[in-house]
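Naming follows writing order (A, B, C and D), and every chain is counted from residue 1.
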Amino acid sequence: MKNIAVLTSGGDSPGMNAAIRAVVRSAVYYNMQVYGIQRGYEGLMHGDIKRLTASSVGDIIHKGGTILKTARSPRFMTEEGRNQAFYQLRRHQIDGLVVIGGDGSFRGAQTLQGSGTATIGIPGTIDNDLAYTDYTIGFDTAVNTVLEAVTKIRDTSSSHEKTTIIEVMGRNCGDLAVYAGVAGGAESIIIPENPVTYEDVIHKLDEGRARGREHHIIMLAEGAGSASNLQQQIVEETGEEARVTVLGFIQRGGDPTASDRLLASRMGLRAVEELRAGTSDHVIGIDRGELFAESINTALTAESKGNEELMRLSSILSV
Amino acid sequence: MKNIAVLTSGGDSPGMNAAIRAVVRSAVYYNMQVYGIQRGYEGLMHGDIKRLTASSVGDIIHKGGTILKTARSPRFMTEEGRNQAFYQLRRHQIDGLVVIGGDGSFRGAQTLQGSGTATIGIPGTIDNDLAYTDYTIGFDTAVNTVLEAVTKIRDTSSSHEKTTIIEVMGRNCGDLAVYAGVAGGAESIIIPENPVTYEDVIHKLDEGRARGREHHIIMLAEGAGSASNLQQQIVEETGEEARVTVLGFIQRGGDPTASDRLLASRMGLRAVEELRAGTSDHVIGIDRGELFAESINTALTAESKGNEELMRLSSILSV
Amino acid sequence: MKNIAVLTSGGDSPGMNAAIRAVVRSAVYYNMQVYGIQRGYEGLMHGDIKRLTASSVGDIIHKGGTILKTARSPRFMTEEGRNQAFYQLRRHQIDGLVVIGGDGSFRGAQTLQGSGTATIGIPGTIDNDLAYTDYTIGFDTAVNTVLEAVTKIRDTSSSHEKTTIIEVMGRNCGDLAVYAGVAGGAESIIIPENPVTYEDVIHKLDEGRARGREHHIIMLAEGAGSASNLQQQIVEETGEEARVTVLGFIQRGGDPTASDRLLASRMGLRAVEELRAGTSDHVIGIDRGELFAESINTALTAESKGNEELMRLSSILSV
Amino acid sequence: MKNIAVLTSGGDSPGMNAAIRAVVRSAVYYNMQVYGIQRGYEGLMHGDIKRLTASSVGDIIHKGGTILKTARSPRFMTEEGRNQAFYQLRRHQIDGLVVIGGDGSFRGAQTLQGSGTATIGIPGTIDNDLAYTDYTIGFDTAVNTVLEAVTKIRDTSSSHEKTTIIEVMGRNCGDLAVYAGVAGGAESIIIPENPVTYEDVIHKLDEGRARGREHHIIMLAEGAGSASNLQQQIVEETGEEARVTVLGFIQRGGDPTASDRLLASRMGLRAVEELRAGTSDHVIGIDRGELFAESINTALTAESKGNEELMRLSSILSV
């Protein structure tokens, strides 16, 4: 393997730059040439491809976002788009490609089968919504970002004795709400996997008030409902105001935490080593602290391990 | 003056604790007794009043919120409520009262005229919506909190080349949007005092895209419109997605900045010294770095100095 | 088991409060009474012991330090001290005791054998110097605290093209230096377990400069040498200035990260459940994501797993 | 005025990038060409000069350090160096030069008299050691950086009931120690302008302990002594341990605060407008919120206004 390339695709996540750095420097270490592809598969089709060296990635490990930018590319899924991508890969004699992103990005990598370029995926998404791996790059940072917001809201809600709803990302996967909710001491956590009715939430709210609790924080994953609907229902049923915070894209930003940088660094090196070993159509994952590689197909059909332990912890500790 | 009390009222703001500490320790320095009244005028009516000592406030200077809590109290504006407050002030022989809050809190202080208790107000609100003073306690912290959010959004919006709308507090006063907008390099700033039409914003957005700008941050004060309305209009007119973040009560939280702690400390000492000097019905303010005291009436009728310099700066620098 | 107590001992670490909260609320959940012992074994001997309820720990999950305070207590190791402790435990009818701390604290727990009180240890130390467990409470926060310092130093050192030495905690265990060094992209990492000579460091420094590197960050664990000695040697051998930062007790502070709060919460619940199950003289640990309990003796004689993977990663990525 | 240039010189400070951005975009607004000179006067002599456009500075307002880098340049003070600088200024037809830095940088600007290039200085230094201006760019950020360290140390020192010495920058000017000390609630503040003897400090320490104070934070400006000497003296005279933190170059880093970005933005615009108005050999300053320009000579001989108000505040509030 002489020439490899790296791209980031889909939603960006903090730590993607640390992964890019690791891919580039590992390639340099193994005497390969390495290219950076701009704006994901979109840039691949357009040949937006540049050489990267060890110093191109000299000051990026601590930066959020991705220096390679990212884009969604519907056209890449057409035959024409795919052919353009094949052409560009051949033109730059790229033997191996590292794709950093989520499930859509991995599906993109699968369509490159037959191009003669080996592909390895690295999981980068703040949602932690890839069931095959314990953690994705960016998740730990996003949890801590949400947690900072909870801490700020605590200051004012304990001054005011109020209820606050915090809506966080997570369409299918409530991990962000669960981790940040347990770590933030939220009294209620509402996630897609474990739908509680709004009645349950309001019931707990009433109980807490009866016991003299001063504030009540509800962590809501966007996939499990809308903060403004819940807010309305609380007003109607309890007659009391509830406040809403929608964190939005703040959750994608921020300097990556140590954990995310280490995970990204380890996965970047492993991806390059897998390419050297002849692996293709695989993704890197982490299982109880150990890296592994498995086929994209297997990875995309994995079932979620769920959050029973943390949800139980929450119900015991948030009395 | 032998006995003074301090209360916080209205929306809490970071730095209120530093002001409480300063009031308490200044009182101790001048050999007065000092009481803390819980939950603003509500607690005053209920006699929720406790002695504070130098060590009661020993570890609060860095904490957001207010250890005295705060509440809104419609009943305080009734004659019955006022009489209860008078009774409590007499019962504890409180000669002077320091009220930390916004315009509503100062109006509350005015209704205590005739109680025999002298009153001094300290401006504490994150909105900076008290025109008589250059700055209020909590404003600098809130600006920096919004700024952190902008920085996080920058990470991801420059990776994605997208438009983001950030809705911040400010019903009548756009200072928070202006300061954070200029400091954050926002391309558009929309405030109640200087209403630009959404068309202007969209026009600027188009221009920027034409010139190759990668992202566009719109800072919107809540008093000047709703983020979701603006979002819809952008989609309709440009066909492009815009993202929304509603910071909500995060803006009230956080450890106070150095500026807010210093302002609060200075104002707390000054308030006590004004009480000692026999002043009443006055508020403390800051004018170009210098503290002053003026009557509540004068303060509440002051006109805003406006934000021309910063708005001009924004229009020049956010090309 | 009816009555349990909890204490923190040795150096404090961020997340101890989250562990205390978890112990208290788990005990409440299992219908036990729970006591907090102030200032570790010192307070135990003096009977500085108070009832804690679910609301005593209502607003502490996000706070650094320990609400129970901590102290070193040489007298506790004498027979007289131990007898006093026995007396206090009997007097309060404490059936089980949770000790949060490091190896010294666990040895303290061992001396309580024969008191009739079962003991369970929870690992709380920022150094991660307890070999039997993958992680200790406070370590993730400390790594991120050091990392923030590295990020700040990067700003200025890349403006200045200079060498910086950052001295971090770690007498016998270099984990803090290794994790923060790899995550911060430090060019050299010097730890007790893997002593490189200063010559090696200076050699790498020269190489980097020859290749045009703009700055060089050296992460030094205190157990592997002194920053000021290294600084002097660099000046002597290269003629160039190197700057020193000694982080000191900053490393013990800060709001705990999500990871530390989750680890602390999980361990707190587990400790209470172990006491209920009749376990004593054990400590809780974590092995690849799973909690476990093992005897204090076994734990204290465990051998470190070392840092080979991360040190190799560092040598590949910090070219 | 057609062509202007900008350079940063001396120690970097957070907000320099915001000032560079403001200079560049203001120049663009006034239809000038603008050049960035790398590494201060060193780069000027070497002709390390590049065109900057509005988009060159598109994503730097929030970044610490300086994209133009900075250097000390003894050779620039020689005739030969100065002549090289003159030559480069002529070669690029630079009519006006904005110098961002401290007193040394302003003296450098003075030596360019006779070159035909007008010069304007902008004060950028974290020490706030330029007496002619109330604030310098970077000072507010540095104060808040020190404050964060104090907050972290508070966590652990209140758990431990210990004394901590924090050594901060400031050779001749104690502003950083004073502002951060008052805002952080430090019990003792030692600065060059107002030398207290170590005995005074130790006396206050004893008093505090007698009154039951749990911890004692000493803020020491480097110009007023060494933390390790003070530490030793405390041990000798009180028999108790004191802990030392030397913040070092952390103080130069960090994202600039809102205040520093606004100050930098305003000063950058003003500098360009002064050049357009034909001013030279002047510096921009701020006096009670208002910008002004005055001659470098006058500025460099200004006398410090001192810190009486804050030092008095400290002595009253840190009982």
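We adopt the following convention: a residue touches a chain if its C-beta (ideal position, glycine included) is under 8 Å from a C-beta of that chain, and two chains touch if they have at least 3 such contacts.
Predicted model only: the values in this text are computed from it and were never measured.
J.: Among A-B, C-D or A-C, which chain pair copies the contacts of B-D, with over half of them the same by residue number?
T.: That interface is repeated by A-C.
J.: As a quick test, compute the distance in whole Å between the mean CA positions of chain A and chain C.
T.: Chain A and chain C have C-alpha centres separated by 28 Å.
J.: Could you grab the centroid distance between chain B and chain C? Build each centroid from C-alpha atoms only and quote it in angstrom.
T.: 39
J.: Quick one: report the Å distance separating chain A from chain B, using the average Cα coordinate of each chain.
T.: 35
J.: What residues in chain B touch two or more of the other chains?
T.: 151, 154, 158
J.: Chain adjacency by touch: line, ring, star, complete or other shape?
T.: Graph shape, chains as nodes and touching pairs as edges: a ring.
J.: Quick one: which bits of chain D touch chain C in the complex? Just the residue numbers, please.
T.: Answer in residue numbers: 8, 11-12, 14, 63-66, 69-71, 145, 149, 151-161, 164, 243-250, 252-254.
J.: Please give the residue numbers of chain B that touch chain D in the complex, ascending.
T.: Residues of chain B touching chain D: 18, 21-22, 25-26, 28-29, 54-55, 58-59, 61-62, 134, 140, 143-144, 147, 150-151, 154, 158, 179-180, 182-185, 211-214, 255, 257-259, 261-262, 265-266, 269, 288-290, 309-310, 313, 316-317, 319.
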